[in-house]
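Naming follows writing order (A, B, C, D and E), and every chain is counted from residue 1.
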Amino acid sequence: MALLEVENLHIAVGSGGKLLPVVQGVSFCVDENETLGIVGESGCGKSLTSLAIMGLLGDSTVRITGGSIRFDGMDLLTLSAPERRAIMGNRMAMIFQEPMTSLNPVYRIGDQIAESIRQHQQISRSAARDRAVELLTLVRIPNPSERVDSFPHQMSGGQRQRVMIAMALSCDPKLLIADEPTTALDVTVQKEVLELMADLQDRMGTAIVLISHDLGVIAETCDKVAVMYRGKIAEAAATADLFAELAHPYTRGLLNSIPVVDRDVEWLEAIPGRVPTLEETLTGCAFHPRCALATDFCASRAPETSQFKPNHSVQCHFAGGSTT
Amino acid sequence: MTIKSWMKSALAVGALMTLTTGAYADGMLRYATVGEPPSLDQQVITSDLATTIAHHMFEGLYTFNGANAPVPLLASGETVSEDGKTIVISLREGVQFHNGQAMTSADVLASLQRWGEFGSRGSLIFDHVESVEASGEYEITLNLKEPFGPWKNLMAFINGGPAIYPASVATGATKEPISPENYIGTGPYKFNAWEANRYIELVRFDDYASPDGEADGYGGARVADFDTLRFIPVSDVGTRIAGVRAGDYDYAESIPGDLFAELDADAGVKTMLNGGPIFGLVFLNSSDGPLKENFALRRAIQTAIDKKPALQVAIGPEGLWRANGSFAPEGSVWNTPEGTENFSKGDAEAAKAMAAEAGYDGEPIKFMVSTNYPFHYDSAIVYTKQLAQAGFNIDLQVYDWATLIEKRAQPDQWDLFFTHHGFVPDPILISVMNDNYPGWWATPEKKALKDRFTASSDPAERQAIWAELQALIYEQVPTMKTGDVYTYNIASPKLKGLGEQTLIWPSFWNVSK
Amino acid sequence: MSDPLLRLVGLHTHFQTKGSGLFGKKKVIKAVNGVSFDIAPGEVLSLVGESGCGKSTVGRTLTHLEKATSGQAFFEGNDFLALTPSEFRPLRRDIQMIFQDPFASLNPRLKIEQTLAEPLFIHGLCKTWDEARVQIAATLELVGLDPKVMARHPHEFSGGQRQRIGIARVMILKPKLVIADEAVSALDVSIQAQVLNLIKKLQRDSGVSMLFISHDLGVVRHISDRVAVMFEGQIVEIGDKTQIFEAPQHEYTRKLLGSIPRISLGREVA
Amino acid sequence: MNIINFLRNAFAGRKLATVGFIWLCFILLAAIFAPLIAPFDPLEIDPVGRLAEPGLPNLFGTDHFGRDTFSRAIYGARMTVIIGVGSVVVALVCGGLIGMLSAYFTRLGHFLMRGVDVLMAFPALLMALVLITLLERSVFNTILVIGIVYATTTARILYGMTLKLKGEVFVDAAVCSGAGHSSILFRHILPNLVSPLLVQASFIFAFAQLQAAALDFLGLGLPPEVPSWGNMLSEERIYVTRAPWLLIYPGLLIVLSVFSMNLVGDALRDSIDPRFKDDIAGV
Amino acid sequence: MLAYTAKRLLTLIPTLLAATILVFLFVHLIPGDPAAILLGDTATPEEVAQLSAELGFDRPLWIQYFLWLGNVLQGDLGTSIFFREPVTAVIGSGAETSILLASMTMVWIIILGLPIGVLSATKHGTWIDQITSSGAMLAASVPTFWLGLYLIMIFSVTLGWFPSSGFPSLSDEGGITNLRYLILPSLTLAAPNAALIVRLVRASMLDVAREDHVRTARAKGLHPARVAIKHVFRNALIAVAAAFGFTFAALISEAVVTETVFSLPGIGRLVVQSILRRDYPVIQGVILVIVVLYMVINLLVDLAYARLDPRVSLK
């Protein structure tokens, strides 16, 4: 049994009295010591999925409307709030996109890390502080015993993201969810942070769900990839398998849209059109208005998930393989 | 401090706060005033409020008894020469000032001299005084230029009158009021403190030498029963009433007439009518503007006005006002019907005709009134309506009192203004008799009558001349009386010895709680 | 090589922060600290670097949005850095700027036609609204939008469409130099590709020179002729695109290139 | 921009605010058609029928002049609107111009805002008291004084909002298009301030009522003969036990109208650009 | 911090100078002659002019200003025309009442406003929130004198729980228990101000609650109450602290109406009375003192900011 199993997850957003589906039947699983990358453009539902796993869909307008999330044998969606909190920040932790705003500006970073530790462990104030220094050392903050008393605004973006990682790792979580952890960072810093995460994973065996819009980041860091488009997983496979043979026209389009540094391309093969808004209701395959291969059939019937290759699933009428 | 002890002390404070309502001992009288007087210097200040407070500590040579007749206070008696020009006043011996000094004629002389030169009503007498001298340690002599009838009344009227100060205070004092550290008098209470904005406090003067005789009006024996008199400014009338009802004040002044019935029926308060009525006056500008020397037009204005509705609106219950045209109230020796047939005609048509005849062509007539006194304002509103109906173009200008006082001193700023006048025992004290009072009524007819009035000391003759003067007022209309208003105060029923009526100003000797 | 359209010599743009303490000295931030380069007619020069390196300030100084501290900038041989705002105004027609955030760069209260007509009227390129609408329609078609949209407000458009409008506002003046400040960084990858293609095509067709400011090396390689790499207010390396990407000389350039995550494909994607 | 849509959005799903809005519409109607609605002349004195209890023909009773309280209340609505609108206009025009120009022309702004700072250090009500004594009581002066008091806060707010807008990319874009100062200020910045100004206006409107009533109470507001709710309370306040209706009706009218205006302001604020929300200090 | 404070105090000087000129001009432009008021109804113009000259009001305005300013710089605010006492003493006696009233009002605001505001924000969108926030708005819509009038009628006259009016000094008979005189006035004054704080706390907390770091705090598995207090309220306090400062400053001066209704010997009523009496030195003195107070509070608020928000560095 995998550490995290998400099955047929549905999430909807309330808007003007209506419930608009945002995530529609997403399933995946993550094992220990494994990194799953979820990639997609803005509005595809990847962030909501991560928040749902973490249990942070606090806003009353967003609601899980179906499916299950199993973590370490527990059905998270049936747990009581205190039970859920006992897991959050403890066995499951999360880091966010905006290192600039994700730390409370009025508290010292050491205190913020210690708060997380003392929430879940019976440990003295000074011991928590020592542990915070230890964690800062772990995430390679220079002068950790001094920096522990810094306020967030006294640190750079990259350092703050390291603090976030330290905080997330404070209780040795089994699962780390990273929602666009490097998007706000410069490439050089991004590289350091990603390397740090990979390094820590090697040491601690933590499972990671990495959410990003950047295919490059996903390709370099993840063991397996799920590509999301408009609330559904268009294609999922082990990273090597996926890039070996792209099965979904969206994934191919996405890849062709990226200007690369290694060679010159005269014209990019852009995907035409744009991602439909939530209010726009679509029948059939969500991608069909932008898909070069689309037929009338695509517009009328939504594709089921099919196995394109072993461990390589895809939602497209034109991808080969057996329907499950 | 531990939490426990903190809670304990908090509880203690809480308990104290609820248990000690009415913490003040019976030794203190708390009097809610309408405001604060500008000063307590009785010689130069004519505010009634100042007198209400100050006559507990300052005394004159004479005062009034219950019948408004002058009786000796610091004086023990006087002899007037045959020709009425020399007055020898003997002083009571054994009277002490609050500073411990004995009062002698030197003090009286200095006080009278300062009053004569700078006192607000001093010139009324001293214009007729040749000299004043201390003719003995306890004797003072006034030498008059000519016989002057009202001298005793003027001496007895402490408001703006000859309060006796120690010579050290009176000597060198000028028009500027003396300062509180010099509030040294001979009265049953002495000055203690003036907390600006908070209160004026008098305390009992233990060495007070009371005049003899049964208490009658302000005359006779004075006994200070309270340790302290505290005069607290409570400008909002609703708050004054609520305060007496709630037991926070023992006495509150200047209560609106409309509430009389309700308060009279309330067992929690006692209503105290003032014996001497006040009256409103609308002055007409004799020195500038369309009304100058146009007596016909003035009479037209007088004819247009019906005083009764204004009194109804401004005062309320019938018992508290009289549409009385005589400048002296009913029952007073000065009361006379002369001229009063024109008091309150309220005949718009006749007024219109008279105005046309007087050459009035609709030019605006500026009527100044202040809102500081609701009774002025309410009356003025009614008059404005009546005058408008009679075709007058009234420009009602509403100011605060301070602005009005400044504007009325400038003849080109106004045509009519509203003020009121307190009860005075002698008509010579009425402001319109003063040629310099705004309005500046100083016609030859007035001068002739006034000279005769002051020269005589025969009561009957003076009353007759006053009747002529009053008739002249209704003819030349330098001012229009609006009617008598019997103001009233309210008191806590706990106060004993108040009597049924207030003479002029409330007094708290011979009163206890 | 012909005379450069733009020649920038020793540009310094410094910002002053408030001093500290009672008589504390004011701190000076040297955002741009001695930058020089040329742009030839029809050429696309990219300024690349990480956040805070001063690349955007170069662009903003060239459009007089910031005041230069020192240095010269010759446009067709004339130094325009020291011009007063009113002296510079006629030049604005020739030097135009595309902004990063398509959501913020359009006045939400103005209709598209109002936004697009404004530069036309200011620079006297048309007299009447009818004339203006003709030009607006043509420009909108040029950037791939239906001319009918000109009566709408910005909030009715998606990000990609708004950036097209932003490009239209620039192109409608037929400028000689376009400064594009992170023109595609706020867009999703699939939309970014469309807009990049559009910019490249418009540049080719009109022969406009371009200063393309970006932090994204992939985008820079795609669009530029030459590349300047900025670091801490200075250009550390400038050169032909192929040279920069294939044979970087400066250590920083190499570090930058080495940090980019790459996708290794199992097979060539056509 | 579309005001109707803005209002519709603001009031969608806000029942209380909608009721408040409707109430204000009533007040406005009463203000406009006061002579038609009021059964009596609000200034007509009747010494005989004074202090009459509510009933017929005097719905709200009569005051101590014998004037019809209901008619005075209707005309009071007129004063409410005049005071509110007047103060808003003075505050927004004076304060708005100072704030906008100061933010836009920084050097001028340095001086102007220093002046505003000095004025803001003056306690509002005290300043109003001194000014009104200086200027004499009149409707115009009351409006002027209240307007000036709120002009300082409005200047501050507009200063902040204009600074934010001045930093907006679309302003840079307009500058790059060659737009001049007046075009930037009035074509690009001002239209974006319309809805926050509307919100600010509604709060000034509400506060102005309380401020005017307080001045009336202190005897330094509108001339006493003017039938305004504040004057009605102030003039008849001694009758709180004798004739309670004289205080209850005008008091409730003030409370309901200020409450409604606050509700409306609140609703509008929630639907404006979130950037400006914090700038406007409402209730 | 010291250097900062010193620098701020220095920059206050020009502002204060401007303020003194404004105060002086405003006050002296008011029509009315204090001498005339002092002497009362029967004084002649000559007498008034004489006293006016004695008081120095016949000199040119600018000379009066500089004389006054010179004295102010030496800590002498002049002598009250009406009380013939130093203005500092007059203000001093009013200050006790005003400061106590403002402090008690602040206590109500804190014990009523803060918890209700926090409750309203944490129950955002529920009926509790609707009732508390609309209730707060209603409380802010009531004219204070109207409220005060009815409080007196109910709690003093009818129930007799609290004194109706006045305030004897704490040094007076009764001592600390004299604070009971301030209970009704402070409640009257607190009603609209507490309401504003309720709304402010609610709004600030809702704003903070949307910030990313709150999500971080929840992701730690903290109890919602702990998130609300330690993370949301603590950060919202930064905005609220400023409001507290300015509310306190405003309470001193805006209490005019309450002080009049309850006949309290405070600074606000002193000003109104002084305006009516044209007691220029007192009006000038009070306004100047309040302006200084406002500026000092402004400074204190900034210092408090620095304590509450580490991002603010005092330079």
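Simple rule for what comes next: contacts are C-beta pairs under 8 Å (C-beta built on N, C-alpha and C of every residue); 3 or more make two chains touch, one makes a residue touch a chain.
Being a predicted model, the structure only gives us computed values, none of them experimental.
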Lowest number of touching-chain links that must be crossed from chain B to chain E: 1
Longest centre-to-centre distance from chain D, chain (CA-based): A
Centroid-based (C-alpha) most distant chain relative to chain C: B
Pair joined by the larger number of C-beta contacts - B-D, D-E: D-E
Inter-centroid spacing, chain E versus chain D (mean Cα positions, whole Å): 22
Separation of mean Cα positions, chain D and chain C [Å, integer]: 47
Inter-chain centre distance, chain A versus chain B - centres from mean C-alpha coordinates, in Å: 89
Chain B, residues touching no fewer than two other chains: 236, 238, 372, 400, 403
Junction residues of chain E, two or more chains touched: 31, 149, 153, 260
Touching residues on chain B, where the partner in the complex is chain E: 13, 16-18, 20-21, 23-25, 32, 35-36, 38-39, 44-47, 120-121, 160, 174-177, 179-180, 194-199, 232-236, 238-240, 242-243, 245-249, 372, 400-403, 405-407, 409, 419, 431, 434, 436-437
In the complex with chain A, residue positions of chain E that touch it: 125, 211-223, 231, 234-235, 238, 308-311
List of chain B residues in touch with chain D within their complex: 236-238, 241, 256, 258-259, 262, 308-310, 312-313, 316, 371-372, 374, 377-378, 381-382, 385, 396, 398-400, 403
Residue ranges of chain D in contact with chain B within the complex: 45, 47-48, 50-51, 64-66, 133, 136-137, 219-220, 223-225, 235, 237-242
Chain D - residues contacting chain C, complex: 1, 168-170, 172-180, 183, 187-188, 191-192, 194
